[in-house]
């Protein structure tokens, strides 16, 4: 709502005092584990847990269906200007925030402007394109762009709509001038959303509990979950025990294969294979010896034993090129490097380092949180040893990996990552992973800095015609394969064990899932048995 | 009197030590490689946002200036915001510290009773069956890392027998008690929420015991050694020769002087738990300050690291002073002559 | 005097080596009074031998380096792999055997740096007790001691990339202070002994007094602490690797093995239990040895 | 010797050894000693000759390395070596007391004097256990008896707050407060100044005389023995070598060891040549098979090295364990010995 | 104070030119935690030690004997007064003294157990001073050390032994041998035999007396055993609470004790023979204990225990006066002023 008019209204805190919580019968309740703390403010969070909270607690202008189709949601319709530099959205007027305030276009504009100003989380999707948002009337909001952005509408699936009045009522002093801290402090433990679930309690590092929002504008199935709790449990053994004891309904996606196998044995438990766009990738530093030599990189790509990875490390997965098949615009016919030691040897002989391949050590860093990555690294290490290439493996805390990405020198030869992205077109990944703008961050360890590719990516994203866009994506993919900045190992599925005996979970059963981070944990459509 | 002065002097020194400690910690925190702003705001943050962050946290200033900004805030209890939780570190500590304290309190009670009790029992008949079995067990206690105990307990009591709850401080179906002390068990009892108290207590048993075991073993050994040492003294012969019953001689006359080294060891051990508890907190996903500290360190959450480590340092110093007071209570020589330690 | 008296006097004429030998025998007696210490001593020797000859003892030495065999992953203990295999199909027994060297290097490395530094600091502070040098040294020591060593080590090892060397360095930074404190206590009391006073009055140099007169008297205390510390440092190393700040794969490391294996509990229990038992074995052995040395040192009767 | 009276303490053929490095150290070697009611005996001997060991065995407070290998100790009808613990405690509480060698070591450093005295009174049954007032009164009485200035204040003090002389007085007070028949004083004055020694000795003498108690006084000093004792037993290497009335012994020492000892004492008359005794105590690990003094004895001859000499009674209650007094030893040897002197 | 000083100068000026050691008005106060209180361990003492003389310093425990010795050695910095050794002022701390001076004065401590480093072999202990002062060429240190062992009557096999395996008397002999290494002309013996048995004491005293002849040394012999002093000292000074109470040649001291404290001490000595008993002065009942040196009683410091005290004893500090040749006493009964 507009703040001037309803200023006097008391600020209602959507978190209910823990003491007053009635002892609900938590029959239809979902328990999940996650590595907390998370970022509860939708303008800050960008992790997969953050995203899955956002999708359940906040509403967006558009909604991505399970199969990746973008459909109207809060917005009923939208138009794009001729030049592609402004978008006008009409929005519903029957939506209420969790505190009862109506949702209007001012809230939408506020949310976009807030995200741009704060500049964290998913705002990277817009900062370079969107100039500002303006509500012209309570049901109309206009976004003004700096340059054409063909995928703009798809990205709005990531714009969580906040209750402006509530947020501003809870602002404290901060760096954003008249907006104070933009309510960031308050939003880190409260919600200001209108989504299907509202926040019950947040213990930052322990658990987050949300319950069903009865006044939600969409219909509720009677068997939909009454609420959900994320708990900070990351010890695999504990997770397994809890799942067995029905203390856990759905696990996180970082369980090891061994653990998943064990959990699959439990009665009533099933393991998902949700391909949400992630590709297990060995990101090679193209600016540092020895991976600065394209032949050396190709050699490594030929050295990787893809079949063992697919059969033993991640059984039942499939190979992929730079872009997961889940994305629109991914090229199914792109060249895949085979495991071929002879070819590898050939490439090595052509490389700068042919004379003394052991001279430079190939350091592989993988995230200590994902132990299965070690096995992939071991595979490469073993094969490389045969050619006299010296490979070391380091389990690295995530923060150190981020720190490593900062400069070319500190970036290791290979960093093992499972990147995925925010909207369901290949451009999303291409832009994030291979555009020069993302070098120096953990989004890109390759330091590709290839001007030709940069231009191609920019052109594709600016292209308003979808078909054209998609074909442009394919060209980029084959160029990338030729440059071989990364070893694309396999398409990495989100494997979560869940209690299939208790509820049906559409995302888990779907053939194809939208390649959007956190999307598969949309609880409203789950049905308890 | 002399003792009191001595303690005052200790406190004065402690402030000095604290100051040195803060510099040490600050330096450690600042040499962490990588762009602090990026680590705090994430890879996707805009340049504008990062610059804002740097300015707010004085990261563009030279190190000594940064230190003065920081120490100025720190004495006012403001350690800045955590990059993990996006909250003030002080708030985080306030939230997580009681959990660890509760855990440590349990471990401490176990350690004191278990350690000293076993020490006395074994010292009664050195070489006897009880003595030897306790000694062998205590060797195992010392040689086994607490996380291994944690894992074993979890195997036995959760995986196999389902006797005790697995993780956290409280089962999810239990309403936490009103916050008075922050210790759930005590708050539960105070507010009459006995279900919560009992549940919280059950959650502490395993991590608390795992945490205490090494200490129990060590303090039992220490008590035993100093008991045996003191039992060779003439005054013990004198007491026995005066016909005072053996039990009283052991539990009163020998225990008190022997307890002095054991008590200071136990106290320092307990203080160290504040920092070392992370292994069991990790295993049992127990939301304590030690685990918070570990995560802060692993995630290069500067402000949190500095804050927590400083809190641990302060507790350590406080415990040291407390050890002095306790020793003074147990040993009149220190109390009345003003400390030779 | 009678003839017999002279004879008894003659037999006690001692040469340098005989006296030395006698000392060794006496110390061994004091040490071996407690049979458990002897067990510890033997175990330590065995562990060192295993660490030295790991290549020849381990059934599958190649499993300690770049090697995977996913088809033989997670086999429970059997006649081929006595202690089973891990998630990458490597022999657990071989990896445990290969981890001993790292554990020992960790312990020895830390102690070999921490002890000399701490001892010298402690000696200086003890010798100059009451002077400003001493105060400064001991306050710095206090600063290092006011943090649990594990926390300090954690903080330091998180700064660098996790490797065995870095964790060693991290532990060392916090460890020397304990030696300084220990030696300070001993040295400052020895400093007032009359034999030190005599040496000073005779005009012996400071260097002589500190290193020849005071140090030998602290030596046994230091040695005891060093052996006991071996166990503790190895434990700390294991704790650091348990949280992922230790040796890196594929290098076998007990703490890492436990933290990896523990994720597979309760099914693949051998991945946790055996490495844990190995840590216990090492730490226990050094503790027993240390106790024996302490007994030897504290022996009151002559 | 007074034949009619029964000795209150009779030690017969006592053997005690300690387990030490290299085997056993055979310290007490067939010791015999009788003490009659009311009699005051001085046990004199070099340091390490086993005086303390002997008296500790009477009260059964030997350290755990010690083993009584043979002999019997009968005290007032109780067979001390085979007595039930309860009975032993009764004996310790009421009938017999001991003042230990070092007053500093024999008072518990961490309890007040008052508590220590009260406790031994409490268990002696001299006052009702519950009656705190009566116990306190008795304790104060005991301190008063030892001419302790300001006993009320002393009761609240700790041992380290008293001077050596005062501490020894406290020990004496404790011993005398409960003992009725028998008292053992182990070098009660060795660490004290002559003036204080004088006071303390007189105190012991007077108080034991008053109660007509028997006394075994251990001392290094012949002078002290002369002051205090009716009879002196000279001890050497675990055995009594000479035993006689005080005057008799001092004037006519018979055993070569006693003679040597007497010659070593610096005399107030001055200008005496201090001769000393060459050599030192034999090793108890491999003691000489015959007379233990034979290794240092200027008169030793063949039989001395073979068999332990028995006591030879030379009249007037004077006993000497030396072959020189064996009638069967040829005169020539004795003469040689005398001329050597 | 002035008068005191005068009388003291007279004591020392009396002495002939062959004074080895002259101590003038030496004071040593230790500070305590409480700033206004001092431990007055030595409170103005003066005495001399002449060449080849044994001066006995006796007194009860805590009277300041050791402190005197340590102050002379330079182990404490003295509060005031001066110490003159062979005409040279040595009132400074030992570390500041020239090396040659360190050779000249040696000390043997009371407890033979603590004065030898348990971790060094006897040989090393004795050779150390030889090396430090380059007394003999390096190659000959062992030979010389062995000679010294011989000299004090220790068997050669001690050379490789550690002090631990020696008896108390033997340890003390090693300490004496070490003191002898540098050919000192003054040896301070701080109760060298009080921890030992009489039979062993005899041997050590005999050795010491022989060595004195041989090396032409003076001894400042500290002890609380008066009978021993009777046998070996040339002159005796008796100390009480940091003060010298009486100082006299030995025979005089025992035959004509002037100070009540001396009488009390002598009469308290337990003796073994009747002849000795007869030598003691009329029995003076010993009473009281030595007060704390922090609160020295006003007036004569002995007044708390003196059986003969009168009013002025409680008020004035008595002066040292000469009663017989070379015989000084500090007591109001002899003070001409009273």
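For reference, chains read A, B, C, D and E in written order, and residue numbers begin at 1 within each chain.
Basically, a contact is a pair of C-beta atoms (placed from the backbone, for glycine too) under 8 Å apart; a residue touches a chain by one contact, two chains touch by 3 or more.
These numbers were taken from a predicted model, which means no experiment stands behind them.
**Q** Identify the chains in contact with chain B as well as chain E, in label order.
**A** Common neighbours, chain B/chain E: C, D.
**Q** On the document's contact criterion, could you list the chains that touch chain A and likewise touch chain C?
**A** B
**Q** What's the distance between the Cα centroids of chain C and chain E, rounded to whole Å?
**A** Comparing mean C-alpha positions, chain E is 49 Å from chain C.
**Q** How many angstrom lie between the CA centroids of chain B and chain D, rounded to a whole number?
**A** Spacing between the chain centres: roughly 53 Å.
**Q** Go ahead and note the Å separation of the Cα centroids belonging to chain A and chain E.
**A** Those two chain centres are 89 Å apart.
**Q** Can you work out the whole-Å distance between the CA centroids of chain D and chain E?
**A** Between these chains, centre-to-centre, one finds 32 Å.
**Q** Give me the residue numbers in chain C that touch at least two other chains, ranges are fine.
**A** Expected reply: 158, 244, 262, 265-266, 302.
**Q** What positions in chain E touch 2 or more of the other chains?
**A** In chain E, no residue touches two or more other chains.
**Q** List, in ascending order, every residue of chain B touching at least 2 other chains.
**A** Residue numbers touching two or more other chains: 32-33, 151, 154, 159, 232, 282-283, 298, 300.
**Q** Given the complex with chain C, which residues does chain A contribute to the contact?
**A** 235-237, 256, 258-259, 262, 308, 311-313, 368, 371, 374-375, 377-379, 381-382, 384-385, 391-397, 400
**Q** Please output the residues of chain C touching chain E within their complex, sorted ascending.
**A** Residues of chain C touching chain E: 9, 12-16, 19-20, 23, 193-205, 208, 212-213, 216-217, 219, 302.
**Q** In the complex formed with chain D, which residues of chain C make contact?
**A** Residue list for chain C touching chain D: 1-2, 4-5, 8, 26, 29-30, 299, 301-302.
**Q** Under the definition above, what is the set of chain A residues touching chain B in their complex?
**A** Counting only chain A, the residues touching chain B are 18-19, 21, 23, 26, 31, 37, 39, 41, 44, 46, 118-124, 127, 175, 184-185, 188-189, 203-207, 229, 231-235, 237-238, 241-242, 245, 247, 397-400, 402-406, 410, 438, 441-443.
**Q** Going by the contact rule set out above, which residues of chain C touch chain A in the complex?
**A** Per the touch definition, chain C meets chain A at residues 65-68, 70-71, 73-74, 87-88, 158, 161-163, 244, 248-250, 260, 262-268.
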